[in-house]
Amino acid sequence: MTVVLDKISKSFGAVKVLHDLSLDVQDGEFLVLLGASGSGKSTALRMIAGLETVTAGSISISGRDVTEELPKNRDVAMVFQSYALYPHKTVAENIGYPLKIRRMNRTDMEAQVRDVAAQVQLDALLDRYPRELSGGQRQRVALARAMVRRPAVFLMDEPLSNLDAKLRGHMRAELKHMQHELGITTIYVTHDQVEAMTLAHRVALLEGGKLQQLATPKVIYDDPENLFTAQFIGSPPMNVAHGTLDAGTFVVGEDRVATGGGASVKNAVIGLRAEDCRVVAPDQGAIRAKLFANELIGDHTLVTAKVGEDMLSIKAPKDFEAGFDEAIGIAFDPDRIYMFDKDTGARIRQG
Amino acid sequence: MTLMQRLFEPRSIRTMAPGTKVLVYSVLLFWTAFVLFPIYWVLITSFKTAVDVNGGPVYLPFIDFQPSLHAWKELFVFDYKDTLRAYMNSLIIALSSTAASVLIGSMAAYALARFEYRPKFGVVLMFVLMMIAVFVAVGKYGVDWRLSTAVGVAIFYFLARALGRHFSASLGNGDILFWMISQRILAPIVVVVPIYMMFQQVRLLDTHIAVILTYTVINLPIVIWLMYDFFRSIPYDLEESAQLDGATRLGVFFDIVLPLSRTGLAATTLLVMILSWNEYLLALFLSTSKAQTMPILVAAMNAGERGILWWSMSVVIIVMIIPVIVLAIILQRYISKGLLLGAVKG
Amino acid sequence: MIFIWPAVVMILIFSIFPLVASAIMALSRIRLRGGSYKVRFVWFQNFEKQLFGTEQFHFLGTFAGMSALGWIVALAITGGIVWWVLRYVRSSFTVLGFVGRLFTWGLCLGVGWLLAATFFSGHQFGTLGTTLFYVFVGCGVQFVIGLGLAFLCSMPIRGRSFFRVVFFIPLMITPIGVGYAFRMMADTTKGPFAPAWQWVGLGDFSWAADPWAARFFIMIGDSWQWIPFIFVVMLAALESVPRDYVEAAQVDGASSWEIFKDITWPQVVPVAATVLLIRVIEAFKIVDLPNIMTAGGPGIATESMTLHALFAWRSLDLGQSSAVAYLLLFVTVVSCVSFFNLVVLRRIRA
């Protein structure tokens, strides 16, 4: 089922937390709303669920305008960050609650609950209470409760953030598999870019209540629209160095880097991914830098270099060794550089 | 949409359906009137003259009747001595007993929340037996009460020292806490006569100290109960770090724990204060004239020969309510929070 | 150690010591002679007098034959308790639990028969019945209204803080003041509702002269004062229910009533049980309102047990006074402990 947000806005009093957000979610798509806290992503999700009113704009689900509808009439199911499992109900009662509300008869209800529980491997735990379950199991119950009534849309509000790192990786894979199996349109909110990149068909990156970019994970990584997106996505985040763009040549300190275009921007920023850079002898690189620290990560060494006031991270081979404050050079492929206008944050596309 | 749906189905999550709205607000407004009207009536009655009161009801000052300050004057200008004394008595008693029971109660609650006590069951039993023996000695054989109490305490002390470690069954903190809190079930009427006789023996009847001591004990269970839960909710690391910095137990309690439990203290103080301020039965026994408190004074105004002087009565009631309201306004944001905590975990 | 001793010593002196002393007094006949007391141990004579002797009408009520309705009620109550005993014995049986419940059953049976023989047979009941009326009917009314108001105030309404403050006020008014204020309210000739009374033709009706009117009149005053307590605590409890639970249910399609019934109420039950227990404990001690509003009258119709003991003390009959006080203590303890064990603990554990 499709979900269409048409220029929705939300204000709490004088504070505007969401500015004209438009999204068009395809049937069966897994869309991730990514952003830092306060970016308006959860508000957007709650507006789709009907838990927040819409200040302006409209929302439609499966082609039906639901802007003014109550949550119960929207045919959506939601998984909360806290899971919101009713502590006084057993697992079976928790999962069955949406059906009970719909006055389904007992036998059908039990059959469906067992069915869904089997899908998320909860069959053995149906008589337990939430407090007797582990974090991962609770998460599954929340999921099962959302799945049991076959909603048009799944809404998930940071469902994995309360799990420990190891379990999170595991649940991520299960979630992805399940969504594929069920084929139900899913809108998923997270602040974790790894989750976003791994789960999503498309990622919508929000900041300050504004949509920064809406694209597939690959595009959003390889072709960021603006400086914010570039720096938000990737681990470590994209390196930036401040300088001036002078007729296609980026000037940083005494070094000059050809960017292959002809634009001139006074306050410019060059962006470089850590894995695109190499550490070389001081006079062989495009930019000269001073080594600030190097950390052995395992399969590689993460080198932090200082260029003027900017810190750059570089992935170097694991046997790389150098002393503090040693002069080094940074080399990179000219095709792999991104230029941004510092004042507007916009990408400067050249050639 | 049916009419019922249109009336009672809300449009969105944050709004109410028109039908519900009408119902809810009418109930709330009705209750507001129910709550405020008696207070309003007392207030205007205090400005009425005898004629206004006795000639059937009048409702609106300046329209129905001409408000007069005669009742206020009567109380404050002509006949202030008794009222003032009772008022001062009430203030002194409520403030001191509240302070005492909050302090003693919080200390006990803190001790129960942090340290472990294991009184031996046998010792407790011994104490009770000793107490009964003392009673029998005083009541039946007419031994002087001072002597028998001293002898009893001494015997108990030595027996406890000698035999204490041979008892195996012991009680825990939970039992002590339950014992202390359960004192609240005790209706004051059960204990007041012996307390009365006790103070009579030591010639403290009708003094502040008698009433203060009694109120302190009566309110201890509440303080212990509310504050125990509060202290349990304060993380222990802060105290540990203060101890590492070299603070004593008492120092930690006064410098770290009490400031951290302001919310609970405020709610508890207000509650205990109201209870002491309004207490009636114990005061009736323990304070006959010199230490007479406001509730006794007000209740006694009933007995005049001219029937109840409603206007003066209203003035006294208003004067009595004011300090509580002031205190409540100062402490109001803590009240429900503090009360809830106790109720949830209790 | 220094922390806990002051509290222990004070409780021992002012609570345990008087409790034991009072027990001895209840078993004695005490005479004041020239400033000193003359104590004579008489075993259970004081209690006998209250329960079976000349004071029976005062404490228990007047027994003058059961009516048909009385028999029906008595048998129904007996049947109910027998069923309860059987159910308990069959489902789970522990010796301690059984002995504890014997007190509960005994009290229920006794009170049940008492009501059947007095209230349901058209005879007057004594201070025990009156106290139980204040406690159970009064607390029930207070709880339902307090919870209802708290529920309304937890809805998205305008002026929440206004209602909250206003509804809290009665708790701060001194009970003596409440008593007098309600006496003024109830005055059918000079009170604010006098015109209304005259209009319905009850101009010379007096609340204080009719037993049931007087009882309800005191109960209303008591409720006016104490509903705020339940209101404040229950409102805080309702508001502390995590929003997520409510929102999850909203998305799942539950109506406001279903949300209250299935989600919110089970969350606040432990608080509700506790607050009710506190209220019941305090309600057993009721004395100021009946004393101020009706002085126990008409006759003994509004006299609570505490007031009964107070009057006995005034007539210098210390033994009788202590006996009544002890009977009150017994009823209070059995009721409250039963309620605590059978309701509160179970709710908290669930």
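Labels for the chains are A, B and C, by order of writing; each one numbers its residues from 1.
Methods note: contacts are C-beta pairs under 8 Å (C-beta built on N, C-alpha and C of every residue); 3 or more make two chains touch, one makes a residue touch a chain.
Predicted, not measured: the structure shown is a model, and the values here were computed from it.
A.B. asks: Specify the chain pair with the maximum number of C-beta contact pairs.
C.D. replies: After tallying contacts for each pair, the winner is B-C.
A.B. asks: Pick the chain whose C-alpha centre of mass, unweighted, sits closest to the average of all protein C-alpha coordinates shown.
C.D. replies: The most central chain here turns out to be B.
A.B. asks: Provide the C-alpha centroid distance between chain A and chain B, rounded to the nearest whole angstrom.
C.D. replies: The computed centroid separation for chain A versus chain B comes out at 56 Å.
A.B. asks: Quick one: chain A and chain C, Cα centre-to-centre, how many Å?
C.D. replies: Chain A and chain C have C-alpha centres separated by 59 Å.
A.B. asks: Please tell me the distance, in whole Å, between the geometric centres of chain B and chain C computed from their C-alpha atoms.
C.D. replies: Centre-to-centre distance between chain B and chain C: 18 Å.
A.B. asks: In chain C, what residues contact two or more other chains?
C.D. replies: In chain C, residues 250 touch at least two other chains, as defined above.
A.B. asks: I need the residues of chain B touching at least two other chains; which ones are they?
C.D. replies: Correct list: 10, 13-14.
A.B. asks: Give me the residues of chain A that touch two or more other chains.
C.D. replies: Each of 50-51, 70-71 in chain A touches at least two other chains.
A.B. asks: Please name which positions on chain A make contact with chain C in the complex.
C.D. replies: Where chain A meets chain C, its residues are 49-51, 70-72, 76-78, 80-82, 84, 86-88, 97-98, 101-102, 145, 149, 155.
A.B. asks: Along chain C, where are the residues that touch chain A in the complex?
C.D. replies: Listed in rising order, the residues of chain C that touch chain A are 242, 244-245, 247-255, 258, 262-263, 266-267, 350.
A.B. asks: Considering only the defined contacts, which chain B positions touch chain C in the complex?
C.D. replies: Per the stated touch rule, the residues are 10, 13-16, 24-25, 27-28, 31-32, 34-39, 41-42, 45, 53-54, 56-57, 59, 104-105, 107-108, 110-112, 115, 117, 128, 131-132, 135, 139-140, 176, 180, 183-195, 197-198, 213-214, 216-218, 220, 224, 249-250, 253, 274, 277-278, 280-281, 284-285, 294-295, 298-299, 302, 308, 310, 313-314, 317, 320-321, 324-325, 328, 332, 335-337, 339-340, 343-344, 346.
A.B. asks: Could you list, by residue number, the parts of chain C that touch chain B in their complex?
C.D. replies: Touching chain B from chain C are residues 1-4, 6-8, 10-11, 13-22, 24-25, 28, 37, 39, 41, 148-149, 152-153, 155-157, 163, 165-178, 180-185, 189-195, 224, 232-233, 235-237, 240, 250, 256, 270-271, 274-275, 278, 281, 284-285, 287-288, 291-292, 305-306, 309-310, 313, 318, 321-322, 324-326, 328-329, 332-333, 336.
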